[in-house]
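So that you can tell them apart, the chains are marked A, B, C and D in the order they are listed, and the count of residues begins at 1 in each.
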Amino acid sequence: MVNVGILGATGMVGQRFIELLGDHPDLELTTLTASKRSAGKKYEDAVTWYLDCKIPEIARNITVVDTDPNEVKDVDIVFSALPADIARIVEPQFAEAGMVVASNAAAMRMEPDVPLVIPEVNPEHLELVELQRKNRGWDGFIVTNPNCSTIALAMTLKPLYDQFKLEKVYVSTMQAVSGAGYNGVPSMAIVDNLVPFIGGEEEKMENETLHLLGDLDGNTVTPASFGVSASCHRVAVLDGHTEAVFIEMSEEFNVDEVKKSFHEFQGLPQKLDLYSAPAAPIIIREEENRPQPRMDRNAEHGMAVTVGRIRKDNVFNKTLKYILVGHNTIRGAAGASILNAELINEIIL
Amino acid sequence: MVNVGILGATGMVGQRFIELLGDHPDLELTTLTASKRSAGKKYEDAVTWYLDCKIPEIARNITVVDTDPNEVKDVDIVFSALPADIARIVEPQFAEAGMVVASNAAAMRMEPDVPLVIPEVNPEHLELVELQRKNRGWDGFIVTNPNCSTIALAMTLKPLYDQFKLEKVYVSTMQAVSGAGYNGVPSMAIVDNLVPFIGGEEEKMENETLHLLGDLDGNTVTPASFGVSASCHRVAVLDGHTEAVFIEMSEEFNVDEVKKSFHEFQGLPQKLDLYSAPAAPIIIREEENRPQPRMDRNAEHGMAVTVGRIRKDNVFNKTLKYILVGHNTIRGAAGASILNAELINEIIL
Amino acid sequence: MVNVGILGATGMVGQRFIELLGDHPDLELTTLTASKRSAGKKYEDAVTWYLDCKIPEIARNITVVDTDPNEVKDVDIVFSALPADIARIVEPQFAEAGMVVASNAAAMRMEPDVPLVIPEVNPEHLELVELQRKNRGWDGFIVTNPNCSTIALAMTLKPLYDQFKLEKVYVSTMQAVSGAGYNGVPSMAIVDNLVPFIGGEEEKMENETLHLLGDLDGNTVTPASFGVSASCHRVAVLDGHTEAVFIEMSEEFNVDEVKKSFHEFQGLPQKLDLYSAPAAPIIIREEENRPQPRMDRNAEHGMAVTVGRIRKDNVFNKTLKYILVGHNTIRGAAGASILNAELINEIIL
Amino acid sequence: MVNVGILGATGMVGQRFIELLGDHPDLELTTLTASKRSAGKKYEDAVTWYLDCKIPEIARNITVVDTDPNEVKDVDIVFSALPADIARIVEPQFAEAGMVVASNAAAMRMEPDVPLVIPEVNPEHLELVELQRKNRGWDGFIVTNPNCSTIALAMTLKPLYDQFKLEKVYVSTMQAVSGAGYNGVPSMAIVDNLVPFIGGEEEKMENETLHLLGDLDGNTVTPASFGVSASCHRVAVLDGHTEAVFIEMSEEFNVDEVKKSFHEFQGLPQKLDLYSAPAAPIIIREEENRPQPRMDRNAEHGMAVTVGRIRKDNVFNKTLKYILVGHNTIRGAAGASILNAELINEIIL
């Protein structure tokens, strides 16, 4: 067993980490950190538990400590569910102290020597770890996963990018309120309404996607050469981001080949049979009205992306359209970091 | 005053017609039709009233008649809120009987001699009325308005089409449940969920939009020569369709000129000062998180389209992006037919 | 293993039966019935599956048959998820044909020789089975469970009734939309709204509760002698009924004793360790804002009732107040019938 | 015209005050206060406007000042939409400075010399103003209105209390999220859920109701002698509180007489024809499924309470049951204070 901790364990994503680590066969949850206000309390007393499962036994009685590497002992990997501004300061301290930081925070994602990784998409970017350690003189290192809406999109683009010629991707999202944190979206803002804006989200989708599909060439990631244009919107859904994708290719394509490409897609986590890896990273639904967030977000324990309505545009015969749903706080956050850690544990540690 | 009637007066759109005609200065509501089951009843006894205003006095005591031209006396214009399959049979009967049919139904929209009109966009298509009467030997005639989601899109495309070079339009909708009728979307389908499919909607948006912006050349409408690709989705909003629009132009453009184009847009209804015409057909919101359906659907009594987040894509410098909101059962249905009738009343009758 | 079938297997409650029987250790699902329209199809082709789990393997390939005892072979127990009007005709036919009918339908509940049973509350009422068989000359028999909102209430009243002197119970419900079936509550009726009426529900709660807590005296159930007054309302919740309960006792009481009474409550299913029996039929939450339907409906796999805010009225010192949540389609419907069947299997068959 | 100001003008209730005062014939809005952060800004720049109407012209350009009587000139009446803790400090300062404070805040409601008034219910309690001025040596004075859920209940109890013998009132509420302020209820807490607790609300309903219906005897209000027991719950409704009411009387009663009592109810505002007074304070709906918050909250511009399902209990023949809906931020807050001010303006100033 590898000892792991969670930085920022009381928030929404922190709770998902705990849920997913509750009975993990290889990762032993031993440490939980939170703000100074919570330090010293038992986790069950420090947290307002939002999930509809019980607090896993393993976490209930852990005494929460301050988010400070000096407070964290005998831990190999820490998962970061910290806000970006705190992550920027604290994550390097944990790496310097020798720990692996598997971070869901945005702070370090676009640093040139920090791998931004989805294990099914670009596991080879983990090679940057060596450079990072060397550059920064750290014993540990930081690995990040992308933004929630990016992960689901990039997982579906990976097999297409390998097999077809993508030119432009337009994506319009309908994102769940949990993505903004428990208090992020007031009910007054979303009942009988939607909010067609999420700060920073479009830029993340546009940049991170190309970085993920980019080539690691020595010490540098060269972004993929097509373009992504996003429009991001919040709707009255609790969990599960839905995305309407339009892809302009440079050649005509066959819809059945697209489906085959999705269907056969397997990444390194599937080959290595990692514990949290979904058997199928992409699930295809053939019903005319799927995927739907409430019905599909939990596919493969929330770790698969479900795709449907895969169709060629009626007029533009080089344009592919489909809808995807991915669980934003599992596959798009806590589960993504855990899968990164499982991969690191398998091939680096 | 012109006497008017409503065909299919008890449904959602029928009720909106009544609400809007309740105190109309030029159109006098004298007739309401419904299915045989309701015929003979006073309207207030025949209807399950869904709107949160009271039933207008003018309608309350009208005795409902069967949807049959023989039952409708002394009426100049009938508004059709009929289902498409019934409309296809009944609307021609009313036109043959000498009445003007201002229809919200889809049945006759794409008939080559039936005008499909938004008064601000293509009033000149009303010239087809002459051909229609001649072709069919009718004393009356049929004029249609487009589908709800098409209207809002086409109103914003009109000024752009006149001033910029549009190549491709990608549009992703987040549509209100009222668009499916009162019983159309079960709560089990939409609470904590969305449905990424609306039957026939994408085809309507793709075809009707180009027809509306097409040229009437003698007896034929030649569709506009750019392309529209739609992805249509239902969300937990009562009224007001939201659309995320991506437009590829063939040249670079200036965002301020786009805004100016929206801002200065005026159509024939504004010039003629028609009763239901919004002062500004397009309202621009500069807040980063607007337009929102609950906040903006009722702008100009539900007859304006509100546009926001007008921006150039970060990478594709010929791609314009914006969000629009339009009231689907007012501007997108009953109000659209009434504005058509007001225009006909002014320039044809 | 006992072979079981489901009558009306394609609806909401039918699907819950299938979900719960998917891996049942003692009950082997072999037969599914539905309307003639579905007969002859494989279940997965006949059903529009609404639950967010997959269709259990055991049901997927069963060929649906008409709801007719002649079509049902080698089955010991049938679960009825039929509408009341059909149940009234069909359930006796199945009993006559020798099968045990464990029914969730309202049709036969108040027949004097048909047991209306919650296993934790009044298992002794099953003695009526003998009378029923004799009266009607059937080889099989019918056992019913109460209405969804009644079950949750009656489970909490049972320990109180045994220990305290109840005079009047006022109950105000906030019920989930699933209780009305998938198409029962249109989204237009419930988004930004509630509906303060559910046909027949108040009468069911008022009558069934007293019947359940009544004494079986020879061949007759004498209803319990206190009173129940209900006000029933539908709110925008998918699953899980919430009830605000006010109880006037004839003597002062101690809140801690009430909690103790709830906490220690065990019924026959717990003693017999029936498969679907919750370890604790009543769960107490001490947080000031619990129970909540989304958070508590799935407690003990949806088979427990969760109670909170147990308090004495500020002024009326003989009035107890509390809030309860129960899963309406599990504990309140399919799970209730299954627990009845497990009890019958243990003590009668 | 009387000059008026609003204390705490940028919040939800502050905005309702502005909406209602936008075109008031007797009250001229001249002053808006907010926190120091907003002071010095034009109102339209200081506020995040949440209502779906436009900011009234009269308010748009008012320069916001700090909530300090020294900053407020030439104002006769100030409306207080302040939080209770600030109100407790600031409202006396404004009264001391000679202004009439019509407060929606809870801080001063239960002070023995501060009138707690609903103009239709207990206008005679305004006589306490003399005592208050004398006690405290103020030129101005404070008048309060009750909590939102109390107002709607008390308005329906008033005619019953005058005509029938009430013993106990049990009330179970289903309250709108706007009652908690714009950010008060996170969407994560209420989508597919409800919250069966609102801090302090039950106590307010229980105490304020009896105080309102109590007799002013010289200098003291003696509370009415029946009892009120409340259970308060938050549901996914934007505006409009719904309450299920059970009333035990000490004698049998006739439902038609109850309806007559509601129907004929008129208070002083109706007799004086005050501008904001609803023509009918209580509206009766006879449909089996009304009142509903979205359909009925705006009755009489949000100033009436709508009552339905008026019925005698099936068993307890001295128990009356009904459902009511009232608009919580209009009749239950801003509109209540304004009606108080109109009454004061008519009979005191």
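A few notes on this one:
Methods note: contacts are C-beta pairs under 8 Å (C-beta built on N, C-alpha and C of every residue); 3 or more make two chains touch, one makes a residue touch a chain.
Since the model is a prediction, treat every value here as computed from it, not as a measurement.
Identification of common neighbours of subunit C and subunit D yields A, B. Simply put, of A-C and A-D, more C-beta pairs touch at A-D.
Mean C-alpha positions place subunit A and subunit C at a centre distance of 41 Å. If you average the Cα atoms of subunit A and of subunit D, the two centres end up 47 Å apart.
For subunit D, the set of residues that touch two or more other chains comprises 191-192, 236-238, 294-295. Of all residues in subunit A, only 52, 191-192, 294-296, 298 touch subunit C in the complex they form. On subunit A, the positions that touch subunit D within their shared complex are 12, 50, 177-178, 182-192, 236-238.
The residues of subunit B lying in touch with subunit A in their complex are 168, 170, 172, 174, 192-197, 199, 202-203, 206, 227-229, 231, 233, 235-238, 242, 244, 246, 288-295, 308-309, 313-316, 319, 321, 323.
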